[in-house]
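One chain, chain A, links the two complexes that follow: it is found with chain B in the first and with chain C in the second.
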Partner chain A sequence: MEQNNTNQTPFLKVEDLVVEYTSEGQVIHAVNGVSFQLEKGRTLALVGETGAGKTSIAKSIMRILPDPPAKIKGGKIYLDEEDVLCISEAEMQKLRGQKVSMIFQDPMTALNPVKRVGDQIAEVIRQHNRVTKAEAFDRACEMLKTVGISEDRANEYPHQFSGGMKQRVVIAMALACSPELLLADEPTTALDVTIQAQVLEMINRLKAEFNTAMIMITHDLGVVAEVSDEVAVIYAGQVIEYGAVESIFDRPSHPYTQGLFGSLPDLGKDVDRLSPIYGLPPDPTNLPKGCSFQPRCPYATKECNMQPVKMKEIEKGHYSRCCKNNDLEVS
Partner chain B sequence: MAALIEARNLKKYFDSPKGMVHAVDDVSFKIEEGRTMGVVGESGCGKSTLGRTMIHLLESTGGNILFEGKDVTNAGGRDLKNLREKMQIIFQDPFSSLNPRMTIKGTIQEPLILSKRFKTKGELEDETDRIMNLVGIEERLRDSYPHELDGGRRQRVGIGRALALMPKFVVCDEPVSALDVSIQAQILNLLMDLQDQYGLTYMFVTHDLSVVRHISDDICVMYLGQLVETSPSKELFKNQLHPYSKALLSAIPSTDIHHKKERIILKGEITSPINPKPGCRFATRCPYVCDRCNSPQKLEEVLPDHYVSCCRVREINNL
Partner chain C sequence: MGKYIVKRLFWMIPVILGVTVLIFTIMFFVPGDPVAIMLGSNASPDEIAQARELLGLNKSYLERLLNYVSGVVFRFDLGTSYQYGTQVTADLLERFPRTVMLALCSMLIAVAFGIPLGVTAATHQDSLSDRVSMLIAMFGVSIPAFWLAQMLVLLFSLKLGWLPSYGIGGIKYYILPAISNSFAGLAGIARQTRSSVLECIRADYVTTAKAKGLSGRKVLMGHILPNSLIPIVTYAGSRFSMMLGGAIVIENVFSIPGVGTYMVQAINYRDYGAVQGSVIFCAISFSIIMLLVDLIYAYIDPRIKAQYEGKRRRKKDNG
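Let's turn to the complex of A and B:
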């Protein structure tokens, strides 16, 4: 499927987002000019290693970055043509949960331990709708049923649930007001594979039902293949490769993306040795001047460290941030 | 080849306020010298407990452990100390398994000092350097503390510490699951190189099936404390016979976007391992459940070298 970039503005548009953290006088460059867009009903996966800035991007959209130490230094985030970075906190509060909501990574800490799960979900509903307590609770029970939890468990506390069920409660809460944009931050990382399969299937089903736009943050390329339409590979706070899931998986172009695939033991193939990416991600307080992957890149030359590298379109809808792109494609 | 280490009907129960937790229940298997046994299963299935019980970090509740043909189940005192030099463990979390107040050099040296194998300080230093080299830690990090290191390097220190006395058997308890993929591959390669070099025998405990397929010769699949299927790795990935193994393998998200595999989605929740009923523990989630599942299941050799514990295994697989 092609992205339709016709005159219609996209549902979510992030432009040149810059996020910095300050810690002990040092500036940590977490997100360095990230841009992407997303249509309704589509899923964009943000892939990258720990500290690449994936979660900071999502938290910027929700405007829940802890300030201080974090600060959005630049960029624009348009949600349905409204710049969420310019509106007041009260207006933002209305959007959160209603229009955009987030599934957090760790279900064990995302729930309030001293509140019954039904009440926790009802709280979100009451925040955004003028309904009575009883109505909200009924809707909460319905949401629990949607995620496969029997409604008679609505009066239980989080500790009475297993990890997979807690994550489903978190998802029920995020979906309670049928948000138009769902930010899922590693929603299945803390879960076992069989439970992960259940949760992913459920997310896919609910997404189709509500035509939700979704940003899936993960480091698991298998999960990416499973749920996403488009993929943005993030490295050191930048999108270094972007495109449809087919083009990224079939023709990974950036050396980092190629490295990620090489590092992964594949269930379907016999490989004697993995080809890891050598070295470490760069220090975010002191990023290289040129390409941020250049210190680890097997193809690096002097040219790579001269100036910031721009995104280039290497085939239709497939972008890569590498100055060697033309040479690499041959290999 | 002879088995280096063997478990016979090994049991490990924990007492809890709600009753006995059957963490490892009647597990038997052998690992031959120089081979890698992968133990897979979901969280709470007892795979880590099994690893720790095997090397005497936890005392077993019942059953026997045989090491180099000798029963070491009740080893104590000097025997146990000697045994510890031959059996080691690499822990999952490189952030909490290293002493934060000990330098890298100190951490790696500690087992060397305790072993009293090295007479002079010079010998000790040389050996430390050799080990640091072996696991790929730069010399300049000798006097650093764990918090100054990234996860991959910390895990290298953990490996160095485990291998310092050249053990024969190493339990790798999820050694790469806390690491990023690019670092994970470095550590897996290191572990495989060390095995080639020193003929190490690994028990590789993990929930990541792609990793386990990559590194293991044989595989045990555990479910709630019990062994449900064991076979050579290639065979298991080609031909899973137990309904749980089938579901587990089908659940792994594949990076192959063109061939979507058929997925078995399990219904129901995991049963509690506290005072479990005698029957099959997978029965609550099993699509093939029947009345016979309520009686205890036995591990049977269904195909050559391929053991499964399921009363309907032949029926399900048309064998």
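Let's turn to the complex of A and C:
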């Protein structure tokens, strides 16, 4: 992005990331030129529908996309001025779990069912620190305590834990080596609401404790408001709106973002129906030539489908990818 | 866990009883007079009648059945060979170690080569090494063991003179039989390994393991393989128990006096007593191996162990 021309390079900088999946000869354009950056201690929320490419972006940063079918076709990812897409697999292994770690979406399947949870956490500690088995296990127990699980359960297996507790174990594992960048892929989606609040609070607390930069992937705008400093709205593998959380929430500019907020139920108003965004996300094997939201956009004109739309700065630090930006009334 | 094992051992009693009754009944109604076979065609009617009386063949079906079953269950007495008049149990126990030895060697070869072959195929899915591994596996399944055995004998015994071509003795005598006996199992294990590793390789916990920064080898050994072992153990277990019933073809080709040759001989001479005894013997060893396989399950998968123990706990609660 063309913002922030300060001398200091940001902690994480993603530039023009392109990810494609190949399936039965068809090319699926999952991520199409995504750019953003993130400072230490800050949280960026990636918001978007299922299939918008959010998880692919996070997995690209970790370089754990399943290859085949996925392939990073282009772009650069700088972490502390180091291009993680260019370094060797062995160097990448040193970063994973240590400098960057990820909280996975589905706690039910993210843990190895035949390994004790304590050992699973200790494994990542041993991988990156010179400690004995016993020391690593002790630290794993401490991590469990940090996430609110009694340490005498470290010898149990994942099937003996509830969903919320498994998610905490996953979080404990991700935070075990105090990562500098944490990728949280819908950490609360699989949980019920009361546990969600607890988990979010815990993530916020731990983040503050370790001064971790975080990318929070979610489609829950409530979660965004709670944890993030900046927001990138992802649609069909592109950032279509980007800015500080306040400006996005107060002055959403892109019709899609407006639609997202419009489809939230408002407790203060007496309405019979929610107002959804009509239509479906575009087929990722065959994206529209121009604006990818244009087929569903209530303001679309012919001009929208002519050529790819560029990001425009509509106010300081607030960007939007819509060719109608000038004439759209910001509601 | 201990209680589970005891329970399973008790469960073997009805299984053995059922098999015994079934086999005895079938053999009882099979036409042909064992005594006539025993004494040959020159025997006089008097001699035959005397022998029948001696063997207790004139008693009723029920009497003989009860007699036999109680012998099997209480004294592990599998009956008498009509051909030689020897105890089947003693005959089998004498031969069994050789069969076990052959089965163990074959299994060792099959596992030692089958699992790596399958893992290579799975981790390099659709590449050249995958195709080559699966081609080897396909050949392994389709090559008849007796043909392979003869080819091996031709090469290593006749041409090169490195290994003995038949008989028993030291470990040397088991090499060729074990290789030819292991091939089908090796191929099966390789295919089974490939498919179950492929199932696990895309699992979320494998991605988690990679995200920890583990090397590919550690991910494979610590996360993928332990989770894909169950179907492999099932396959290997049933394969092994089949081998314990005697590798009939291989034992004959290499003239190894094991359980397999004993059974074939018994069938050839219509030695009903021996056939009956060895079939029941195989059934028993089969159920013991299956028990072992179940125990291995519990060892590799804590969820299965919890199931075994859970059942016990629930019963305790009720009672």
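Following the convention adopted for this analysis, the second predicted complex is superposed on the first by the 320 of 331 C-alpha atoms of A that agree within 3 Å, B and C clash if a C-alpha of one lies under 4 Å from a C-alpha of the other, contacts with A are read in each partner's own complex, and residues count from 1 in each chain.
Definition applied: a residue touches a chain if its C-beta (ideal position, glycine included) is under 8 Å from a C-beta of that chain, and two chains touch if they have at least 3 such contacts.
Predicted model only: the values in this text are computed from it and were never measured.
Participant: Examine A:A213 and indicate which partner it touches, taking first as chain B and second as chain C; both and neither are also allowed.
Facilitator: Neither chain B nor chain C is touched by A:A213.
Participant: Regarding the shared-chain residue A:H128, is it in contact with chain B (first), chain C (second), both, or neither?
Facilitator: Touch partner of A:H128: chain C, not chain B.
Participant: Does chain B (first) or chain C (second) touch A:V19, or do both, or does neither?
Facilitator: neither
Participant: Who touches more of chain A, chain B or chain C?
Facilitator: B
Participant: Could you tell me if A:L267 is touching chain B, chain C, both of them or neither one (first, second, both, neither)?
Facilitator: Only chain B; A:L267 stays clear of chain C.
Participant: With both complexes overlaid on chain A, does A:G259 touch chain B (first), chain C (second), both or neither?
Facilitator: The first partner, chain B, only.
Participant: Report for A:V114: first if it touches chain B alone, second if chain C alone, otherwise both or neither.
Facilitator: Second partner only.
Participant: Answer with first, second, both or neither: which of chain B and chain C does A:A70 touch in the superposed model?
Facilitator: Neither partner.
Participant: Using the superposition on chain A described above, determine whether A:A225 touches chain B (first), chain C (second), both, or neither.
Facilitator: The first partner, chain B, only.
Participant: Help me check something: in the complex, which residues belonging to chain A touch chain B?
Facilitator: For chain A paired with chain B, touching residues are 49-50, 162-165, 192-198, 200-201, 219-226, 245-246, 249-250, 259-268, 271, 273-278, 280.
Participant: For chain A, which residues count as touching chain C in their complex?
Facilitator: 59, 62, 64, 66, 90, 93-98, 101-102, 104, 106, 109-115, 123-124, 127-128, 157, 159-160, 170, 173
Participant: Applying the document's contact rule, which stretches of chain B touch chain A when the two form their complex?
Facilitator: 42-43, 150, 152, 180-186, 188-189, 192, 207, 209-211, 213-214, 237, 247-248, 250-257, 263, 265-266, 269-270
Participant: Provide the residue numbers of chain C that touch chain A in the complex, in ascending order.
Facilitator: 202-205, 207-215, 218, 222-223, 226-227, 300-303, 306
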